Structures are given as C-alpha cells and as structure tokens.
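To start, I am sharing the structure in question, which I have written as structure tokens.
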C-alpha cells in the first residue's frame, strides 16, 4: 500500500515535470518569435518591398503573394473538394472502387511537401511551361488543400442529421437538390471553419512553393490591376515568393545584414496570421450558424 | 404441451388456407387510395423483413398500422412511397390508380410528390417557416409570390398552425415547439397537394397536448386526403382511424374496420396485442 | 391501367435529371483527385526507377553506396550516387526526434487529461492545437538562430548536424503528437477509470494499467503521424542539418537528409540527366516511406475497428 502510494506520487510528479518542460519549450518558442520579431513589425515593414542585399526591407510583396496564392488555390481546390466530399458522404456505395479513391486521398495528405514540389516543378514549371509562377504555386498548394478540405467537408456533411435528408427525399426533392439547398447550408458553419483552418496551414507551406511559385518577387506596381501585365500584382504568371519562402530564403542565402530581424518579424507575422485564422475559424462558424437559422426572406 | 411462441403462432396462422379471411376486402363501392399485392421487403436479400402483404386502403379514410417493435409496420409504410429503395429490396406490386409504383421505370420523385410522408421526429429544414413550405415547390416550378403566399396560408391552416405563426413566417422553423414543428412538417407535405399522406408515429415524440392537436388535424384532413398512420398508441388508433391493420414479426396479421379490431378481432394474437397482453 | 398517370410517373422528372447530374459531377471531382494522386505516384516511381533502368545504376550501390556526388565518377568509373548518407540522416533525425518527443508528448497529454483537466482543457489543449499550425520554416529559423549557435558553443563544431535537426524536429512534432495523444486518451471511456478507482487503484495505477493500455492504438497512431511529419519535413531540417552528404560520423557533424538534398538539388539539375534522375529516386524513397507510414496508420485503425 505504502509502496503504491509512493510510486503514485513519484509518477504523477514526473508527469507534471514533463508537462512543465513542454510548456516551457513551447512558451520559449512563441516568446522568442514575438519578442524578437514584434519590435521590428511596423506599418512600414508590412507595406514596403523587400530588399535583396541591403538592410531595412519590408515584406509587402511576400504578404500579398501569400494571400493571393492562398485565394487562388482555394478557388481551384474548393469546388473539387466539395464535389468529392459530397460524393463520398452522400452517394458513394461501399465498394472497392470508392475505398481505393478514399485511400488515395489519404495518401495525398501524407505526401511529403518536397515531393509535391518536385512534381510541380517538373510538370507545371517545366513541362507545361508555366515557369516559376503563381499559377504553378497555386496548383501545388491545391494538392495540399484537396485532402484537407475534402475530409473536413465530408465530416461537416456527415454531421448533418439524417432527418434532414429524409425530409428532402420525402418531399420528392432529389438528393442533389436536398444536398445543395438543405444539407450544405446546414453544414456551412463547420465547412467554413474547416476552410479557414486549412488556410492557416497552407499559409505556412514553403517546401512545395520554392520550386513552383519561385523565390523572387518582381517589382510590383500596385496600381496596375491588369492581370496580363508583368508588373501587375494580379498577374498569375509572375513568380511570387511567399512569406514562408522568404524566411527560408533570407536564412539560407544570408545576403542581407538584417536577416535575423526580418526572419523574426516575418515569423511573428506568420504566427499571428495563423492564430488569427484559428480564432476566426472558431468564431465565424457560430456567426454564420446564427445568421442562417434566424431568418429567410 | 409447451406454450407456443409468437413466431410459431404467426407461422401457423399464415399457413392456414383461409388466411385471407382475416384481411378485409374492400368492395367495389369503396374507392381505393392505394393497394399492395404481395408486397415483400428484404434487407439482406434472404430473409423477409416484410412477408407478402396484400392490402387495400380506402380513399379519404384514416388507416392505422399497429404492431410491436420489429413488426414491420414502419418498413411497410416506408415502402409505399419507395423510401426503402436505397436500403432494401422491395418486391410485389404497389397499385396506385392502376399503376404499379414499384415498377423500375417509375420515377420515385414523382411518386413522392403524390404520396407525402411525415416522420416520427419533426424534421423542419433550418430555414424560415415560409421557406420550409415553399422550398419543394420552388424547386419544381415557377410560382408567383402571391401564389406562394396563398399556398403557405392554406397549408398552414390545414395543419392548424396558421394562427400561431402567421405573424412570424420569417422566423426560423427551428424556434418552434416540437408540436408546432410537426404540424409545420405536415403543412410542408400538404403544400405539394399529395393524394396520400403517410405518417410514421408522428406524435410519439410529442407531449399529450400536441398529440391531441395533431390528431384533430389529421381527422380534419381526411376529407381531402387518404391517410395511413403508423402508431404505437392503441388509444390513438382507436380514436382517429377508420381501419386498422395489425402487423407482427414482419407479417400482416389482421386488417379490418377499427371498431372490429378493437372489439372483436378474429385472431387471438390481435386481441392480445390490442388489449395490451404483449407488444 | 391509367395511361395518363403512367406517362406522368415514368417520365424522367427534373429531380431525377438533377440527381443524375449531381451524382456524376461529384463523382467526377472525386475521380479527379484520384487521378492527381495516381499521376504523382506514377511519375515519381517511374522517374525514380529510371536511375536503375535507363542509367543502369545498381540499386544496391544506390541504397548502400556512401559516396554522393552525382555526375562524378570514382577511379573505377562508377557513378558516385550512393544515397546511404541521406537515408541514414533521414532515419536518424526522424526516429531520434520521435524517441525524444514521445515521452514528453505522453506526459503532457496525461497531464492535460488525467492530472489537471481543468488547466489542461481550458488553456493547454487549445494552445497546443494552435502550435500544430506553426509553419515549419519558423521552426527552421529558430533552429538556425538559437539551436545551431548553442550547439556550436557547446561542442566547438559548426553547430550544424543531426543533433540540431533532431532538436528542431522534436519541437516541431511535439504539438502534433501531444494533441493526437490527448484525443486518444479522451477516447478512453470514463467508466474504465471509475471502475479502477472503485477497486482502490491509485491515480497512477489507473493511468498505467487502464488508461494508457486502452489508448495504445491511438498513441501509436499519434507517434506514426509524428514520424511521418518528421520524415517528410524538408526546410526546417535543411536549414540546420548542415547539408553535407557524407556518412554522418556523429551527431554534431554536418550531415544531410533525403529532403534536404532534394530541396537543394531540384533547381540545379537538368531534366533527363543522371543528377536529376537520382533526385527522383530519393523522392521515390520518401514516397514509399510515406506510403508505409500511411499503411501502418490504417492497419492500426482497422484493428481498432475490429475490436
């Protein structure tokens, strides 16, 4: 009895110590980034272009590129993921064919991002001649988006009670109409949450982008909104270094003297973006849910 | 001699040559809403969840389907508008105005427009009261706002809900009470102007007061609709229905006028069930 | 028979048409994803194999060779494409980091679910879940700014090497393994704990004999996820490992991993050259490993489903 009590005390204390160390490590991690980075984050830093050899550069182009790539890749991947999730959750029979496809989605989600980058480089950059471009990058990001989005949307759909499906079907409305007008609206809050969470993850992706979207950010003319012009920020065929790639690049090449400050500041910005995305994801779901159920006409 | 199990009694009963005499036949002068001929249901392709059932339902009457859990009454009901298509194999014929609804070439969505269904748990859409009723209509065709307003009003009046919600049609249907939701669901089904209304224990999830209101609603509706209702509640069956069919263990046992089923059933099993000896 | 009604009922309704349309459209989307996956698998494997078929490299020499200098040959004329240094490097950083991370992750998860749920549920779990989303380059940057200099001071070397890689990956996969382990422990039904307490077990006995045992499959899955993430991680490792494709002769000398060599090599080779083909072979190894991890995770899940 006494032995077991002592063992208990020792073991529980040990658990507390392990947890304490983890808290310290993670607190150090976040603290280091914020303490080193935040003082350097200013309006000027966020809105001025980066410099390649001298100090004092900003991250305006990288910030824009990250968001633009994210939006483009969502535009490509969302319809596909939605379709796939609908089929898997609403129509799919239980057979070999479907389970093979289901497994292939899991495989895609576990592919190392550098392999996706290599594939994207060979295919979109070289074979299809897209070059280092936002388009190549967006497609590479799509490969990451698809499995994450498909499974999160599928879960959202599965959480809608079957009563709603029966209601539609019993009214002589087709499954498809029920899905579009009843099931998806009902699942929308959780679908949106899933999209925002996925966006947070995509924002930090770098390995797949280095050789697809490229590592350079051409001088941009913010007033040029013609997507076919090479200085337009909207041009999908221009190379686009993202914030995450920027952190990697200035650390690897070390050509600018203030690489550490810029990396820390960029990391802080990325970190805050990811946190904000998470917060939004949690809130947005509730807001949409309230709006949707509160009223029709 | 050992006491026979229910299953043995049922098997013996169905094996009798004059089994048919326990199933009332509608005469020529009774107009038929829908009838089945040897309707069977299997879930695994082997065992009958519903043994061959031949039964005709009279138009503009209420028919109750009673029986214990697993008796097949709900399975039978859901087969009538082909709600079982995805989960089971349904055999035999379902005759509706001379057309076999169970034929493969029949479009199930057209069938369900004519044969509406209401479930045990109220299942309004997460939309406004108004949209709940108009949704299925607007998916089908073009209606003017005036037409829709009128349909909403009549459907809600028929379901005895109009007075309570006429000022809050824009409110979410999910904010209604359980009883109101169930009447909204009935109104939603009525808006499609079906011939037949199938109800699967529509009041079992409701409190006694809401139950009474639903029952009143149904009795008023039978002037214009043929109603088939599955119920666990003997009193309910006795109160509102004109005919009652008793199911047990996947078999149709007895079908007759309600008062006969409840006063002098021909089969002892029916007597046991309605008097509460098992079930 | 009522012919008019029959016509109405057998005519394909708009609903049927819409349903068929929707079914096809959504199936098309699913198949599209499947095609993408098969395209990636097919090309990585076929290009990866061309090292051995087209370039006639002996697979044995590739996997067990220790000299890596694609494009160059040794005195005997053999291509210097031995991938063993990177294979060893990858396995070393992956398994060492998971080995260190696992006890910390399990300890923290136990703290959150069993020892101090109040604190754990409200603060620690949400924070740990947030940290799962930290971009890996951020880990790489911290490694470069903090870990490498510290190691340099302590050992007198360059500071780059497997040890630094392990530290970075350890911190990176810690939130992942922890939060999945928390989920696994949460899934142990409460009545199992209650019955252990009811027969007088101490909290530790309950944890050790009941909770941990019941959660083993979930914890294993968490660890394999961590392994997969560490094995496939490119940039965070590449930034601190030293990028020297030689057989590592210790934890503190510069080394390389499959991913770090790939990261550096992709832009520097031309399509169709041997130097390019061997990169695909490295990618193929990465791919096969990720398939393996995937299979293990699925096996664990299936076995759990059977029980």
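Letters A, B and C name the chains as they come in the text, with residue numbers starting at 1 for each one.
Everything that follows uses one rule, which is that a residue touches a chain if its C-beta (ideal position, glycine included) is under 8 Å from a C-beta of that chain, and two chains touch if they have at least 3 such contacts.
Model, not experiment: these values are computed from the prediction.
Each of A-C and A-B has its own count of C-beta contacts, and the greater count is at A-C. Think of the whole protein's Cα atoms as having one middle point; the chain whose own Cα middle lies nearest to it is A. Placing every chain at the mean of its C-alpha atoms, the farthest one from chain C is found to be B.
Work out the mean CA point of chain B and of chain C, and you get 54 Å between them. With each centre defined as the average position of its C-alpha atoms, the distance from chain A to chain C rounds to 17 Å.
One finds 49 Å separating the Cα centroids of chain A and chain B. Annotation for chain B: residues touching 2 or more other chains are 108-111, 139. Among the residues of chain A, those touching two or more other chains are numbered 172-174, 177. Each of residues 15-16, 19 in chain C touches at least two other chains. By the touch criterion given at the top, residues 1-2, 5-6, 8-16, 19 of chain C touch chain B in their complex. Residues of chain B touching chain C in their complex: 96-99, 101, 105-111, 139-140.
Those residues of chain A that touch chain B in the shared complex are 161, 163-164, 166-174, 177, 181-182, 185-186, 292-297. Note for the complex: chain A touches chain C at residues 4-5, 7-8, 11-12, 14-19, 21-23, 25-26, 29-30, 32-33, 36, 79-84, 86-88, 90-92, 100-101, 103-108, 110-119, 121-123, 126, 143, 146-147, 150, 172-177, 179-180, 197, 200-201, 203-207, 210-211, 244-245, 247-248, 251-252, 260, 263-264, 267, 270-271, 274-275, 277-278.
The touching residues of chain C, when paired with chain A in their complex, are 15-16, 18-19, 21-23, 25-34, 36-38, 40-41, 43-44, 47, 103-108, 110-112, 114-115, 124, 127-131, 133-138, 140-142, 144-146, 171, 174-175, 178, 202-205, 207-208, 228, 231-235, 238-239, 259, 262-263, 266-267, 271, 279-280, 283, 286-287, 290-291, 293-294, 298.
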